[in-house]
């Protein structure tokens, strides 16, 4: 039951869910939720390969830094969202397209 | 899979299930015997007798976010510090304590710089414009 | 025996939470489902002996990121369905048919690529006995203090940058923007 | 690698015979099954005991407050009113359960469950005694910090879901207070981890001794300050007075659980009282020597040596002594918590944040660095042993 294949499938499903959330939603915070899912999928992959392939702990370090980066990313990303909301009263992603034209 | 001994996590799972059971069970048992006759008035939010106007899910002040932001940075910092702190004693015993102490000092002081920055810029103040109003009042009194 | 139960529970929580995030039309509920999913991932970490990572996942995600997201939702007007002054839907923007179609297309393409990559792993199931779970905290600490000391120190600089940057961005300003 | 209550019991011969007998009759290795049964029983015992302690906590709170204000307190139900908490429980179960019409039902129902799960899951690593720790995880204290942070989410959701302004304000305040005070508490815990060299409760307590001078609280001046930093932060984290702003009766009606009635409110209250016990237990384990009994009585070796008792019996007696030691210290702290509540006035919200970010967090960081420097400079010796060594060398010179 606990083997590399099942872990890969789980992280694959997490990744696809993240992609779906990220593309389908137009709400910036919901998009950030999707990004968290994707980051978790990759961290899970690192840990699974560490356990089932070589059993040193470098993958754990990598996952640790993924978690750190995800937290920093969430902090800055949500800060931008809040600033944007203060300016535009909106967190719709299409409102943030002022650089387009 | 006999090599993976996960029995140590058994109490965690049992306790989580037990918490759900205790909470759910007491609500369920109560549901069988307690009265249930809701009225429209009973189901409004309690606001000291006034009729509630609008929803409570309004915008909140951004200072809550700034606090949460500083919190998450220090939370992450502490979770990185935990394993290093756990090996500090062992490193000290084999004579590497000084090196590790230097790296811990660097790590912490860089983050203290962040705290000092937020302090100087007034992000840690709950009442943001308190100083300004005091100055204004003093100026008006003159 | 119990390992399999723990694994099944965690996997069910992870996948259920992730699917619910996709399915949910309410931002606040989606955030809670994300919490469930991350909780499940912590269980999955615990299953393969990464106990410190599991606890980190709990501390950073359950206590930190999810609370931050809930705060951000409250700071951007909660979940009430309102129209802003530009006439755009403010919060309800949880997608429509067109975006779902695009998302489904993106998901299919990505899943084909990923399946191609992991197919070889899935086909050749290594049946070798797994190494026993080890004490990870001390080893992680040693690695962080020796081999990965640079990453450890630089992560503090990165956190400093995130703190300062996000504080500058989200600091309330007095002047009116129109 | 991890010692659990099961590994303690499997030292006795009876359990191993049961396991081997069961394995023979069932046809597979029954160790896991027996472990599950042992854990389930132990968890039930712990939850039952802690629920009673939580209930008695409400009684103790009223009785002590009555004592401090020269009143009688509850005295009708049972002798000295000690069954008051049962009466309260029955009342809560019988109360009508009202969910506001505008509430978000899903989160409204979920919030007390999150609080309960967060608090109950922390019980898994609370070290009641060296044998009777449900499970001594390698990441014990860190796990506890993580699980306890679920309570913050529960409090926030409780406030959010009610769709009442009082609740929402209380929930926002509660969540920001809980997360803010987590920082000084966690950094203080790191400084103790630094002294002990491990995250598991066994390691943390194993570095201390039974006598007060061997406790980490008196290990060095920084740890001494650290105890007070941790205790204040723990008070704030459990929303206890003088930090009870999220449920300030005079300002916010009753904060995040304004709209909760009956048993749902009872679950919040039960979680809060158990959490107070847990943080007192953690303070005991980290700073006050935990379950250690003076003169190594806890291991039972001295009983075997002097009285010639059976090894397992002596160990059990030692466990009982350790349980007594742990509960005595924890209840002493619990009394202080209640005492503080009826002594100090409530803080203002800006004072609360100032206290956390401008006083406690810098002091906690200073303590952390101080502990690290102390460990390096004096090679991990405590101040008592330093004084003792200096005195003995001075005495040796003369």
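Order as written gives the chain letters A, B, C and D; numbering starts at 1 within each chain.
In this text, a residue touches a chain if its C-beta (ideal position, glycine included) is under 8 Å from a C-beta of that chain, and two chains touch if they have at least 3 such contacts.
This one's a predicted model, so the numbers in the text were calculated from it and none came from an experiment.
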Identity of the most central chain, Cα criterion: B
Between A-B and B-D, the pair with more C-beta contacts: B-D
Euclidean distance of C-alpha centroids - subunit B vs subunit D, Å: 17
Centroid distance [mean C-alpha coordinates] between subunit B and subunit A, Å: 21
Whole-Å gap separating subunit C and subunit D, where each centre is the average of the chain's CA atoms: 29
Whole-Å gap separating subunit A and subunit C, where each centre is the average of the chain's CA atoms: 5
Subunit C: positions in contact with at least two other chains: 2-4, 47-49, 52, 56-57, 59-60, 63-65, 67-68, 71-72, 74-77, 130-131, 133, 136-138, 140, 144, 155, 159, 162-163, 166-167, 170, 172
For subunit B, residues that touch 2 or more chains besides their own: 1, 4, 7, 9-10, 55, 57, 60, 62, 64-65, 68-73, 75-76, 78-80, 82, 85-87, 90, 108
Residues of subunit D whose C-beta touches two or more other chains: 32, 35-36, 137, 142, 160, 172, 176, 179, 182, 198-199
Graph class of chain-chain contacts, one of line, ring, star, complete, other: other
In contact (per the touch rule at the top): chain pairs: A-B, A-C, B-C, B-D, C-D
Subunit B-touching residues of subunit D, taken from the complex the two chains share: 2, 4-6, 32, 35-36, 39-40, 42-44, 47, 51, 92-103, 112-113, 116-117, 119-121, 123-124, 134-137, 142, 160, 162-168, 172, 176, 179-180, 182-183, 186-187, 190-191, 193-199, 253, 258-259, 262-264, 266-267, 349-350, 352-354, 357-358, 361-362, 365, 368-369, 372-373, 375-376, 379-380
Interface residues, subunit C side, partner subunit B - complex: 2-6, 9, 46-49, 52, 56, 59-60, 63-65, 67-68, 71-72, 74-80, 129-133, 137-138, 140-142, 144-145, 149, 152-153, 155-157, 159-160, 162-164, 166-167, 170-172
Footprint of subunit C on subunit A - complex, ascending: 1-10, 12-27, 29-30, 32-34, 36-37, 40, 43-44, 47-48, 50-52, 55, 57-58, 60-61, 63-65, 67-76, 78-83, 85-95
Residue ranges of subunit C touching subunit A (in the complex, touch as defined): 3-4, 7-8, 11, 14-15, 18-19, 21-22, 27, 30-31, 34, 37-38, 41, 44-45, 47-50, 52-53, 56-57, 60-61, 64-65, 68-69, 72-73, 75-77, 84-86, 88-91, 93-96, 99-100, 102-104, 106-107, 110-111, 114-115, 118, 121-122, 125-126, 130-131, 136, 139-140, 143-144, 148, 151, 155, 158-159, 161-163, 165-167, 169-170, 172, 177
Touching residues on subunit C, where the partner in the complex is subunit D: 1-2, 28-29, 32, 35, 51-52, 54-59, 62-64, 66-67, 70-71, 74, 133-138
